[in-house]
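Here chain A shows up in two complexes: once beside chain B, once beside chain C.
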Partner chain A sequence: MLILFGRMAYADFYIVVHGSNPQESMTKKEVVNLFMGRSRGFPNGDFALVFDLPRDDPNSADFYKALTGWSMSQVNSYWSRLMFSGQSMPPQPLPNEKAMIEILKRNPSGIGWLSKAPEDNSLRTILVLKD
Partner chain B sequence: MFRIKFCTGLVLHTLCLVALIFQGGTLFAQTLDGSGSALRISGFGTLGLTSTDAPDGWGFRRDISQPSNDGGLRGDIDSRLGLQFNYAPTAQFELVGQFVLKRRSSYTPASDAIEWAFAAYRPLPDLTMRVGRVNIDAFLAADYRNVGFAYSFVRPPVEFYGSLPHYLDGIDINKDMQFDDSFWRFKAYAGRSHSGDLAFDGRTTIKPVYGLTVSRESNGLTVRLGLAYAGLASNPTILTPLLEGLDSMASVPIPEVVSQVENFQSRLDNTDSHGIYHSFAMNYDLLDWLWTFEVTKVTGHPTTRFTAGYAGIGKRIGSVTLLAGYSRISTPKLPVSAPDWVTPLTPILGEAGAFQAQAIASASALAVNNSGANQHSISLGARWDFRHNMALKVQWDQVSVDEYGARLWANGTLEPTNADVYSVLVDFVF
Partner chain C sequence: MNESKRRFGLFAGLQTRLQLIIILGAVIFSVTAGLFAYHLGELRGISTSQATLTDLAQAVEKTVAIGAFASDSVLLAEVVDGLARNSLVAMVQVEAVNGDILAQNPRAESSSLENLDVNPNTYVKQVLYSPFDETETVGVLHIYAHQDLIAKSAKQEALTMAWMMVGQTVLVAILIYAVVASLVSRPITRLAEQLRLMPAGSHERLDTPSLHRGDEIGILINSANELLDANAIALNRERELRHEIELMEAQYRQIFDSSSAGIFVLDQNGCLINSNPTVSKVVGMPLSMMQKLKHDNFIERVFGQPDKVRAMVQKSIQTGETVSGDLELVQEGDEHRWVHCLISVHTSPPETDSVIPITTEGVMYDITERKSLETAVRYEADHDALTGLNNRASSHTIIERFLDECRINTTEVSVLCIDLDGFKQINDQYGHEAGDKVLIECALRMKKAVRRSTDLVGRLGGDEFVVALRDIGPSDEALTVVADAIMASVCAPIVLKDGTKVQVGASIGIACAPIHSNDRVTILDMADTSMYKVKRTGKNTYAMAYPKKY
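And now, the complex of A and B:
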């Protein structure tokens, strides 16, 4: 129970971009549009490179539940409609959060998510998703 | 007792490929230096068994491009494997190829295995132009009807999707717009396609094809309108001798017979004609409920005319979704009867000639009467997402076929009948 309670209490997720990204902030809806393939760019019109963690990452199911309210199966079913109809590919999955941080540091147009606030000054949190 | 008629080759090949895929882990391929993937390989598939309880010889099909079969317990109605390659060297440019392996008719050219093959260019994040083999995006599930994991029922409703053309060789342009809570998509397309019943040599060329689709999505509710024009450029090869026979009858000096010949020609000869597809769809996916509704009316040449629709409802309980649906198709009223050409033509053509003419009249009436698709079905099913990328589905369809309405079936006859179709399958994506 304590473990469950602790997990529920700290289920925030951090939507992170490069420190030089001119986009100051984003709404949850704008982030949903990027991560769910409805939009390919930041609200200011710049192309966005969206990065994800693997679908079987221990935090992925909670992240997508917090972002969309959907289960992982629903997210996969949704993406199978988009990717196999040639509309859009899901965000590129990276092996882990360490790789996410490294890639976002190198990509001014990148956006991704972390389960902890980034400590590196070259990254900036653009939205905190609360469960 | 059921007869087991697996398409063993397809099922075994599919199993081997799936085993390799899961053994080898992910097929996501190479990654460029920190800027995302250049080449990604992904896929989907279905392993399915279908048992049909119908009159002897009647073969259930998920669409009329499937080859003939004579019913029973089969593994080749829904089983298929798809592989997709996406190569995106930049955010603006992408190459996509998708290949689908399944049992196909001997009248199908090998190139039909290519479901998608296009180059996409995105000058702006919300504007996409695609050239190559895309899809006729006129209907809700038109783009992903092969991808079982993408929808809840075991297959898109046969009454609705069973006779619609698939791919489009041409171009499409897609524009996305967002207004507050709603997400709009406008798509225009043009090109050519093929359609027809491939239980026999019924393939026809459709050109030009052009259309518009508008969809709006907001808070789980998707509403979609479509309008498409399909020019009919050729007749099925199997009808060529009959149409030549009717041509030869058009010059007999009896106006009543000529009028009847012209009536048959207008119902059987596709050339220089067209069909216009009007469609409306709604899909509501909120919390644990799914609602879907779609209707289409096709006007134009008699061979293209039909009205079809379906409604479905689903309730999610954990990883299980319970489903119920109803779908229907109807085509113009039948039957037509074979006119008597022996009596008026015997004095002119002689007995032998008049009997040959009568054979053309009878064959023409039969061809028209076989073109009807009038049936409805009730479906009950369940989907269990037992892994995040795999789902087990079971479904029972009770199909009622009206008199002169069995066009969607292989080896159907003109009599009305009822049939039960039981399906068990596993859908997966990787």
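And now, the complex of A and C:
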């Protein structure tokens, strides 16, 4: 009941990596740097492959709101400015959360986000975004 | 117009002075205001430039922050180039937190920073924060402006403002000048010109232009008209008064000229200032001669005894009153002419410090006739009608005068009493006419014998005569000489009308003052006594009285 209520009231998001990833945890700032194209690797220096969900995913707006405090259109504007130069590219979008789980399971250096906690041990939650 | 303008002098005209003051004021004000405006303009220009720089920085802040956040040098270069396109901007630089230069335009010299001024007017520094965390600094945006360009544009603005200020001032000055000229100075000049051309006492009046009705010029014109009215009235009154004065003057002149009294005015030197025709008639001098007296001493030329006249003048000065007296004029021929003269002296207030003008006024009447009548009467009273000698009364008076003189001057006087011997017989024998002839002849001879006119020869009555000799005493030889001469001349034969020769003798008694007496009665008595003694003793001789003290 509490959980249900909580899920309805708070859209928690889970930053998830491969189970074998040596990175124990990440701060929200480090996650922002990865997702917003500032850094290309984990804090320990390992290369990171960042995956995103489509911008029209029902949870995308809430996720970015929780992560950056920005609306979707602001995020779009941000990326359009960076993409203009051709140097930075936004994280690669995957069709849905299921595809995300599959890809992350196969990529030890991958990182992505889910709206539910992963169910098996092959994936590990590295940060929970509570709004 | 020109004439009156010339009278002002170059800088004296109200209009010109006003013009100068306005020009001076305008110059001072426009210079001050221009300088102020210039300073203000410069400040404004600088602050405008600074605002432009700040605006520029703020406009690109977000994008630059994103670029700095993502370290996207291409995006940053794009923005920096865009900023550098602004003509004000000298250099733009994006600096990362660690000091790396992320982007710069112009790219060439990154070390030229030192040449750029970081004063707040020409430099803007914008700190860049992370788009996702406002507390995290991701870099700094530096924008440097072209200092000379800012200064130039500021100066441009300042100059524009200053010139506007000056232009405005000059325009206002011209306007004020024109208004004052048409409203004040031109009407005043015209008014002055009208007044100048107006003849004194004219009935013309100035008209007030409708523009100035009720303002200060109007008041001035009204006042001028009132003054003209007042002047006209005063002028008329003065004319009437002058006419009256002229009439009065003519009357006085008439009185002065036709007066039976001679009127004359002298200055302090005794020269004639003015006189009426009567003076010349009285004095017996033609008018042309009178004119000459204006440069000569009137008193000396006209009066017989100038000293007496001067004494009268002095007396009048001392007493301040009119002094009158009978004065003899200068004698012409045998005629003695007399005037009665009133003299008064007026001291007028001093014209200068030293000279006090004194005018002497005189009025003279001809009294020659009265005077000669008086003289005749007195002569008759004093003299014996038959012999012309002093009569008894006047003889007494004269002897008394001689005795007074002798007392005062301690001189001597000799008195001789003479009685004719044998006169009675001639009178009885030949008649009174013969007697009278004898008396006349004897009187004549005695007068001759005495010789001096100052001595007295008088007839006391009948055949008694008296002779008084001044300054001659008992011991003087002159006394015996005179006594002898009288004796000899009287005793000489007298020829009567019918040719008969008769002869009388004389007895003479002498008394002298002061030896015998100083008293007239006594001295005559003593002379008489010694005369009778002679008559008793022998006649035809003379004898001295005995002095009292003997």
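Remarks
Heads up, the rule we're going with is that the second predicted complex is superposed on the first by the 122 of 131 C-alpha atoms of A that agree within 3 Å, B and C clash if a C-alpha of one lies under 4 Å from a C-alpha of the other, contacts with A are read in each partner's own complex, and residues count from 1 in each chain.
The rule is short, and it goes like this: a residue touches a chain if its C-beta (ideal position, glycine included) is under 8 Å from a C-beta of that chain, and two chains touch if they have at least 3 such contacts.
Everything numeric here is computed off the predicted structure, so don't read it as measured data.
Once the two complexes are overlaid on the shared chain, A:56 sits against chain B while remaining clear of chain C.
Once the two complexes are overlaid on the shared chain, A:84 sits against chain B and chain C alike.
Once the two complexes are overlaid on the shared chain, A:38 sits against chain B and chain C alike.
Touch criterion met: A:68 reaches chain C, while chain B stays clear of it.
Residue contacts after overlaying the shared chain place A:125 against neither chain B nor chain C. Which of chain B and chain C touches more residues of chain A: that partner is B. Shared contact residues on chain A (touching chain B in one structure, chain C in the other): 29, 38, 81, 84-87.
For chain A in complex with chain B, the residues that touch the partner chain are 29, 33, 38-41, 45-49, 51, 55-56, 61, 71-73, 76-77, 80-81, 83-87, 89, 92-93, 102-103, 106-107.
Of all the residues in chain A, the ones that touch chain C in their complex are 29, 32, 36-38, 68-70, 78, 81-82, 84-88. Residues 63, 66-67, 69-75, 78, 131-133, 136 of chain C are the ones that touch chain A when the two sit in their complex.
Taken together, the chain B residues at the contact with chain A in this complex read 28, 31, 34-37, 40, 42, 44, 82, 84, 86, 88, 91-92, 96, 98, 116, 118, 120, 122, 124-126, 130, 134-135, 137, 143-144, 146-147, 149-151, 174, 176, 178, 181, 183, 319, 385, 388-389, 391, 429.
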